[in-house]
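In what follows, a structure is listed as structure tokens, so that the remarks can point back to it.
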């Protein structure tokens, strides 16, 4: 099988939202989170450059464009987390026939969680700024 | 009488194209009916597999508008499209037209020891209550059509993955109260390319024409396999 | 040319073929067994069997009772010693399947369940929901995987038997995947190729059941027996012909005409809907002929009513029927009755063999629907065919394995092989006329359906014979248009049509000659059973290229023929 074939999992044609598409999104969001983990470690490693350099670095990444990106990141994390909880439960063999219902319940919960967090961050940011 | 256009991938891996055929359709006409119509009246060189036409032999699974279905039990009118694309099953080696190589599929099935294992030589009936039968009954309905592997995003991108059909078959025997070979099978399926390769995309359960829920079977198998691996890890002695 | 050698060749991988393979492997683990089929084994038509497998298991039943039911059901044409052997071997087969994992339905106390079935005077149909054949075949296939000396040759289309005066020597075949010519060499052959129902247009059979084994046997000079007896199953759903099991009536379903009456009251007052299939089919056709049927866009039909059984019972005992009605007709059996009509379903006749499944040709055995021992005589009882396949599959496997131990590989007549290769790869592709395989096949189907169906008469049969003979002539101008040799279904359907035309002639000739009505063979010009002149088996054999009929007596033991009333 060629390298091209090994990417066949990303195909969305013929896939269902609560099954194959949720799966693709889970893998992609997982990759994004992994990438972010490296970036986050990179960011923390700025501490090695001393307190002042770190404070400057923080003021960059706490500016509006970066916070907006952060809020998008939260969406990614909430999707991955909510879907992930569904996967953990179903991979014990529980509720595997009620995929659509389970998926949407977790999506709603995840959305609520994300909106709450966005509200908290945005209001503290607006309040702080 | 309505007309529907079928776009069919025709040819061999060396030379192929998409050919279009117009077929008259009414309530109840299935994709298999259309295939026979095309072969009988328009193009006698169209190759496809079919036998029972009642969704019990598993011969006729093909990709219908990118989703694997058994041609004999798929009603054209319920798809509701004017153009339907038919292609050979995804993830299988392509031979010609709508025919793919099923040897690998059956080899994978055979590798999980899908037969009843008994350590004794019983005489008389092996009693089993209706409740015990109900525990594994749905997984006995698999017609080995292969649609589940064509739907699975892992199976179409990793040729070594055992696949839903084989894994569901393994679970079917593990859950059969008459069976005594659970650990023999777990030794085979608890593998990087076995049940652990499944990440619950559950497309197999969406595709299964018999509504068996192979995804559920694999997850239940994972629970058994996890117990098996833990016992092995702590040297608690896994009896065969 | 690929050359494959084995000790025992088994042609056909349905219930009989796979059971034979297992038996042979258990009898002798040192012989090499090759199972050959034009399909993947799990696609064999055996999977379509639904209702059950008859066996004497419990208190209240007896071998004599099962034998009597079978012999009476056969309209006294069955060989009674064969039937007695059959009923005594059957219970072991049920237990074997249980030990190998078959998901038999159960009584609440855990014992294997049985239910009533047509023509049986005790509820002895062992069943696995209403997918008995499906579960039995899958169980046999799975069990077969255990034996290391069984080689599987799936999707090999066998085209001829090579038999010389010393007996069996080999088979020619086509490897369907790449189109190459293959020669199988073996010491013995078991023919388990099933029936020939695709002669008809309204049938419960799979598309692939085209009488290949019977046709090849006939061409090789072997004897076919009782070919005129073709069973029509009362309840094929309209319009597809898909089988609705007799078990639906066994669970209490009613057959109704357009006056909403259970018309079987008039034809079989004691057994009603559970009379043997030939009786019920004829009753249904009489109702339709006398104007008490329904008319629809796909022909006349009657109703099978399951509504009174209730949703739960249907879901538990008849789930496949419910599935079929919903998927193929859009009907829920708990709300609406099913439209049904008799459909061609089983071939009582077949390759002539004795109780050890041996044919007169040395080294050739036969089992299952392809064979005629005969235990079904002129009409088969429901649930006796899956049973027959298991019993005689078992017996043929054992006997063939013992035979090959001392047998030698006979020489293959390479002239015959070359001639066959020429027939398939050169002759069949020569461009000639304008008629096609589907055209001729449709005409054959319509002719058989109209003229060689449930009600037969001299004029119709002679017409049918003329048409078949002319089709055989016209077939000489048909050719294979598809030049791509990988999985060339054009070639396979061409060869299948050749086989169908070959056996159609034998069916019709037997029907013309038999001037009586017995079992499934009913002649409106000779409506009575004639035991004085016709209690005998028809043997058909090709001599100098022409089909010649002869007769052999029926073997009786305990039971004298009586009037057959239900």
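Observations on the structure shown:
Note that the chains are named A, B and C in the order they appear, and that numbering of residues resets to 1 at the start of each chain.
Throughout what follows, a contact is a pair of C-beta atoms (placed from the backbone, for glycine too) under 8 Å apart; a residue touches a chain by one contact, two chains touch by 3 or more.
In this text the structure is predicted, and so the values were computed from the model without any measurement.
Counting C-beta pairs in contact, the chain pair with the largest number is B-C. Chain B has its Cα centroid nearest to the centroid of all protein Cα atoms in the structure.
Put simply, the C-alpha centre of chain B and that of chain C have 28 angstrom between them. Chain centres here are Cα averages; for chain A and chain C they lie 61 Å apart. Once the centre of each chain is set as its mean CA position, chain A and chain B turn out to be 33 Å apart. Chain contact summary for the complex, chain A toward chain B: residues 1, 5-11, 13-16, 18-20, 22-24, 26-27, 87, 90-93, 96-97, 99. The residues of chain B lying in touch with chain C in their complex are 12, 27-28, 30, 39-41, 44-59, 73, 95-97, 99, 101-102, 106, 110, 113-116, 118, 122, 124-130, 132-133, 136-137, 140-141, 143-144, 173, 176, 178-179. Residue ranges of chain C in contact with chain B, taken from their complex: 39-40, 42-45, 47-48, 95, 98-101, 103, 105-106, 108-112, 129, 131, 134-135, 138, 142-143, 145-146, 154, 177, 206-208, 239-240, 242-243, 320, 323-324, 327-330, 436-438, 442, 481-482, 484, 486-490.
Contacts from chain B toward chain A in the complex involve residues 63, 65-68, 90-91, 151, 153-154, 156-159, 199-203, 205-206, 213, 215-216, 219-220, 222-223.
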